[in-house]
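Structures follow.
In the two complexes that follow, chain A is the common piece, with chain B as its partner first and chain C second.
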Partner chain A sequence: MTGPHPVSAQNRIWAGLLALCLILTVLAHFCPWLRNFPAGLTLPLAEGLNLAVTPLFEAARPLGRIVAVLVETPLGLIRAGLAWAPWPAMVLAAMLIALRAVGRGFALFTGAGLLAVVGMGYWPKAMNTLALILISVPLAVVLGFALGVLAFYRPRLRPAVIAALDVMQTWPAFGYLIPLLLLFGFGPTAGLAASVVFSIPPMVRNTLVGLGDVPPAVVESALMAGARPGQLFWQARVPTALPQLLVGVNQTTMASLSMVIIIAIIGGFNDIGWEVLSAMRAAEMGRSLGAGLVIVLLAILLDRITRGLAERRDPRLPRSLSGRGLAFGFGAALLLALALSGQDLLPGDAGQRALRRLDGWLLEFVTWSAPFFAVLRNVITWGVMLPLRLGFSGSASPMVWGFALTPGVTLAYAGASAALALGLGWRRPGAGIALGFASLLFWTGLPNFPWIGVFAVIATATWRAGGAGLCLLALSGLGIAGVSGLWGAMMQSICLCAVAVLICFAAGGALGVAAAQSDRFSAVLRPVSDTLQTMPQFVFLIPALMLFRVGEFTALIAIVLYAIVPPIRYVEHGLRNVRADLVEAGRQMGTTPWQLLWQVKLPLARSSVRLGLNQTIMAALSMLVIAALVGTRELGQQVYVALSKADAGAGLVAGWIIACIALVADRMLRAPAGVQSE
Partner chain B sequence: MTETPAGALLSCRNLWKVFGPRPGWYFDTAGYRIDPEALAERLRREGHIPAVADASFDVQAGEIFVIMGLSGSGKSTLVRCLSRLLDVEHGSMSFEGVDLRAVSGRELTEIRRRKMGMVFQSFGLLPHLTALENVAFPLKLRGMARAAREARAQEMLELVELGGRAGALPSELSGGQQQRIGIARSLAPDPDLWFLDEPFSALDPLIRRQMQDEFLRLQRQLKKTIVFITHDIMEACRLADRIALMRGGRIIQIGTPAEILLSPADSYVAEFTADVALSRAIRLGDLAVTAVPGEAPAGPALNPRAPIETLLPEIAAGQKRFAVEAAPGQPALVLEAEAVLAVLRRDAGPDAGCESGPR
Partner chain C sequence: MKHLTTTVCAVVLGALAGPGIAAEPGATDQPIRIAMLEWTGAQITSQIAGRVLEKAGYKVEYVTAGNYPHFQGLADGEIAVSPEIWLNNVGDIYPKVLAEGKVEDLGSLGLETNEGWIYPKFMEELCPALPSWEALNDPACVALLATPDTMPNGRFLDYPADWGSRAATIIADNSLALTAVPSGSEGAMLAELRAAGAAKTPLVMMFWAPHFILAEVEVGWIDMPPCVQDTNEHCIRAPDVNKAVWSGFKDKWPAGYEVLKAFSVSTEDQQQMMLAIDQNGESLESVADGWIAANEALWRPWVDGALN
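Up next is the complex of A and B:
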């Protein structure tokens, strides 16, 4: 067939949108209000919210105070207890737990790691963080379980609960920290509340899944055995769902740790997160690296121990330590504690001095490696970030690319893109339109794309993928960004995230493909991804800051480090789980390995890859606010600035826009694969 | 018509169970007679599924009553209605003279704890409990002391020949072993009425056969009243005293295996039973007749539950009459070899022996 491919109705809509955007772009040269959201349309949204929220939370303050006392009393007790307990007894107890939950090797690792914490002089701070976790995890687990049970028994509430969970997980905690501070006053309670809000969702989800997966025969057999409702729940449903519930406890613990450390930003608790933050602010690399290591160690210990308990519930599996041995060991630890109490056993500041000395070496390393990292930085900045940010029209100047933007160049660009788009669109209209959009975007840069065009494109895409509800959600996010004067910041955020996701997917996808091809590479890569995934987000700032100093590029690196695991995982998982008979069929037809990968395996792994993309975007967005600490110019920074000014309204608005982007991206990529394709 | 007939432990009349948006809506016609065919048709037309439509039968004490049908015929739903795991829309059920639909939640729990046991196709064992704890579970629920319930559970495990695996978790046992645990658990409270919902369908054919033998052995020992669900006609014929055949929610025939095989109610039943070898399914007792006093044949009386194929060697050797064991106090039974041969001819089909006949 040589004639043009018939154009579907869907493609006609997209072609119309392309034409609209093209016209708007041209017109924007003459009337700038078409380019960025007009300043005249802004409303004092944040101020209004402040007027509403502040009195409300001030009024609820007495209640908040009561809660604060209820939380801070046990917190104080735990903290005092941990401060009293001499470290040798604590290390022994931790090793016993590790031995019981995981095994001998891990117990040794625990001992060595904790000794290093003591040696570096971070023991009291680490114990303060542990105290926060010991309060926040049980709270989140109990509340999450209760909410999950409620949603399980009241299916009508389920959609509302799940929507709330999505918002809780995507709305950056800094955004709602200010109202919490208003409510609970300045102190650890506000931070703990934020951490509980953030770490409840995995518990709720796992409770719902666990209870929902109890086989009907188990429920029926318990009923026929004569179980009353309470007996049915506690003796049949809960024990059967327990493995899943313990997975929830593990995920909740990790989320809680991550958040407890970030929340240190409000200060006042002398914990390890605060240590990292103050060291970073003082540009003391050695100290921040040391404190970062302590956080990573805490994360690994908590993860492996809670996971070990979840996986090794079976009482008759061989264990390194019997129950009696455990009791005996704890008795010994207690005796040790009593014997040593009151003595100052902590080493002096030798560890801290050593870390300071490390500063000098690190500085040397940074200076020595600077040329290499400068190349990386320049390639990514000039090659990816600037074009997306400023576009061809913005970055084509003699200073940047060595030539000026003359009418001739403009004409040539327009002509070449039009010719390419038409040529491609002749046979494959969808691809032609996509190319048209890409070249238009490349011309204006993402932040300068005409705003009406953004509205139209997003509205169409969300409508097609998720119907009216999703479309409304997306438009509300865009609208709020526009009227609150955050349009530019939002576009910058999308830009930064897009670059990060692109890099993550290119690099992570390649690693995933390599891991799927080679078992040996996979075995090397897996522990690395495991560790990256357990690390609290905050930690990723440390190496990025060390190598690249303050700036947007540093933020990008931190985001990429945090968000690179999902593409590796999902691409490898997807490729490895392609049905073996289809791979054999492909081989039998005589594909080369390359053809097998691109034409058989990757298309079949599409849904897994798509899920990986979804997870990458979620990770990048959640890192946005934290990366703002090292200097960006986008929404995350707005949230952070609002926090430092105690501007509740601004924080809520900027946070809600980020949550909106995340929710929309999530829904778009979760929609069934068939919806968007022709 | 709703009271329990003499000898029936469980009886139900005109049971309806309907799934759909408003199942109760069709049954507020107290005093009117429901025409089952028309109502089922109307329910289907209006987006409902009549999973059980107008089921009526009595289960006699000590009887194995098999409910048989293909998947989707409503047999599992029916047994769940009888055990009140599902509530019916219409009809009446009585168990030991008690109106099952009227009992309160507490009374129902009490009945289940002491008088009913149930075995499930997918076993339904609690994964966190050992074999012994699973069997003791119903006793624990009703508050029996640990020592007493574990002794009873151990006794039940011995009964199903798993006494040595008391400490095993369900995940460590084979399917057949798991189902033995399920059987032991359902028998632990010594129920009067025993429901078995496709207990052997998830097992391999060889194990299934063993479990059926085991089941018959247990029943000879325990003499429970049994409602047994299966989709396997051979299993039904082997085990049943009486069979209820279901299709599309309705019971289309109730009878002994021999009645169902020899005089099917309609072409569906006939087709359904066409592949069953009669020589294996028909029992000596089905063909035996009361002997004329003084003319009872010599020799030991045979087990009336044995299939007629067990007689083939003797018939081939020329024996014409057999004595069959009669129920206590009943007159002696006799089985004519000719009656067996008549069944065998029928089994061979209408074409058999026609080679020499005109075409």
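Up next is the complex of A and C:
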């Protein structure tokens, strides 16, 4: 029997914090102002921001209008061209490109997919969306690459650039839609600007990672061969980094497509995003699913074709279609276009009627499965959602769990927690303290944790992980939330996102591992991931609403369906790119497959897995605003309220708090691993 | 012969409509951009208004636009007309652009609207006191509506938080055992109502008319308790639906301005057209063409009154 483990200085601080929070929690039962941020401390932050921001944007308006003209002129031309071209010619041209870039099978897929678009009656709208994408993706890729290169060559700028990327990815576009409208006026430019802001970050990140991972040997041999700086960059670094750059292009394309909806919220373009939005508004699953599938199809085509063209730059590789064949085919398509007259060839509304039939089936399913889902809904609400929101102290009531919070129950809970925490802490003080916090948190529920305790814990954690800068950032976020009266909303958001990220990372990570082991599973999973990431979330909301009704659980489903994709992708990517010699070395040492995974591959893939976690958190936070459409009461909802009031200030404040949570969570996760690797 | 009948009708109706204010056509070479908002009713109104303006010799363009963002476009002149504005759903931005003089309100569109609390019809078997609001005082009925997160109260599905709502106030005024849950979006409200109708799940929610869903799901309207105070906070009143134009409209298209001032849509007509589009899958354009062909007696005086 050994004595207690010596307590480190760090653990002493945490134990002190635990004691503070415990005292605050007990006191909060008597003085409620200790629980939530006191309403008396609010400041007119949004009003002040409005006074500053609105004149600024209105002054910048002439500039904004010039940009709008510069963007909308080519956009109008592309749109007119796509509207002029009759669909048979366009389908033929697309199939030729697919044949040249990828192969015969994909060309057939392209043809079938585009015919389905025509059949569903979405062709003109799909072409309008394509026009938007043809402007926004190149813009985002070029800007993102330039920014990535800048950050690569100027390491001192890197932290600022990376911080800006996180802000861009997590600041909900709805939050700055009002200022953008003030700046660019009503029209597609405001939406396009939001889309570019959101889709640049993956390009920058992947440019940085790609250029950073270029082996020094490649650079050295290029220098030895007498390469000038420009040659070194374009002929050595960029080609070596190309696979990673293409991941960036791919992700930027996907992000742009996911922003099609945001562009449609402003409107003015009669595109597929508009169709999805109208269908969601009318709660029509069939129509929204059809329109959503058009977006997914566009994503798959753009993704595969851009990748195919880039991978097959080597002229020695065999192609399914020769250059002459391509030219001949395009000539035929052009002749076809001149011979046929535009939109007259479009089919009637039979496709639309077929889509509407889906709604009938959905309703039949809802009717048939209602008793089952009613039980499931109640179990999840009672067992998971309410305890998270109200904690043990709130859930232990006759209404929720069927027993009251008597002094006996309280004592039993406190006694059991204390015994467990002390028992565990005897050997491992860190674990004991963690358990103490967990049981305290489960007692109050995250939204009702005493606010002073939240400040103290976050301040300590951020200080230790990232120093004064991170601590200041975190405290500013908490402080702004408090004084703007958004404390409760912020805690609800954190709660919802934390649950979603845990589910996503567990399930998505497992799927990613499985996909890395089996090529066949990977091939099946890839289109599913693409669909989840590009299918507008609104489409899933309708059946989820019918089965689970308005509320947080439906919101959770929507968030999980979107945020599960990054862990799948990044875990698979990381595991597949582990150096083969190291895996071989592990195998020769006689590891079991399980040990090989946990002790060799996953640690080696750490940077990719960490990037995946980072992206999961970002994705979950970015979904808060969509989740607000099913009636949550958190920050995403505040963004909508601000939008409806045309209150630029309130939107910016709520958006900044969301971005702040993302930045802090990201840095906190990154810090300990970063210390290890050094 | 048909022409003569039309002319006679036009003269008679023109006389009924009062003396037309003859106006110059103005910039007929430049298209009048008409907002097409998200919901079917507004899209029908826009298409009809556009066709009437075309009959008056104008070019028109339809611009799909979000409800809140489109007010900015209307203030800038990017959008020239918004023919169906529900004044209960304009946020703070519409009063703001009106006050700044950037947008002109042309008065009522003529729709007869309704707003109140609805329930799927089958609930009358479960709560026999319906449609009286007293039914919501019956514990058995409230228990049917209760969900885990509103226990012991019944769940009341309210408007989305960003629409602004009075339900919570009215519930408190009458000490009803209900908890108002914000619904997040119109789509969410419709999805719940459809599911409730199909699966026979009890539901009470805030709603408005005319709306296409009312032709699809059979609902009852609750007879509301008397208002504690005759204010917007404590009382549900039928919302006004108005037409609005960009402030430069009158100078640029004077006759078009007069046409729009006279323009109106009846609730009956709009409901018929919504049904044709949302239920029978007819296209918006063909339905609007059909209305124009069938109702020349109605719109001809607006056009002639403005031009002659």
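For this structure, a couple of remarks:
Going forward, the second predicted complex is superposed on the first by the 500 of 678 C-alpha atoms of A that agree within 3 Å, B and C clash if a C-alpha of one lies under 4 Å from a C-alpha of the other, contacts with A are read in each partner's own complex, and residues count from 1 in each chain.
Convention: contacts are C-beta pairs under 8 Å (C-beta built on N, C-alpha and C of every residue); 3 or more make two chains touch, one makes a residue touch a chain.
Fair warning: this is a prediction, and the values are worked out from it, not measured in the lab.
In the superposed model, A:236 lies in contact with chain B only, and not with chain C. Once the two complexes are laid over each other on the shared chain, residue contacts for A:265 go to chain C alone; chain B is not touched. Touch criterion met: A:215 reaches chain B, while chain C stays clear of it. In the superposition on chain A, A:73 makes contact with neither chain B nor chain C.
In the superposed model, A:224 makes contact with chain B only, not with chain C.
Shared-chain residue A:607: touches no atom of chain B or chain C. In the superposition on chain A, no contact is made by A:595 with either chain B or chain C.
More residues of chain A lie in contact with C than with the other chain of the pair chain B and chain C. Listing the residues of chain B that touch chain A in their complex gives 80, 83, 85, 109-110, 112-114, 116-118, 120-129, 137-138, 141-142, 167, 169, 182, 185-186, 189, 195. On the chain A side of its complex with chain B, the touching residues are 215, 217-218, 220-228, 231, 235-236, 239-240, 242, 313-314, 316.
By the touch criterion stated above, chain A contacts chain C in their complex at residues 177, 181-182, 185-187, 190, 264-270, 274, 277-278, 280-283, 349, 352-353, 356, 363-364, 366-367, 370, 374, 378, 381-382, 385-386, 399-400, 538, 541-542, 545-547, 549-551, 628-633, 637, 640-641, 643-647. Interface of chain C with chain A (complex): residues 38-40, 62-66, 68-74, 76, 78-79, 91-93, 96, 147-149, 151-152, 157, 160-164, 181-192, 194-195, 198-201, 212, 278, 281-283.
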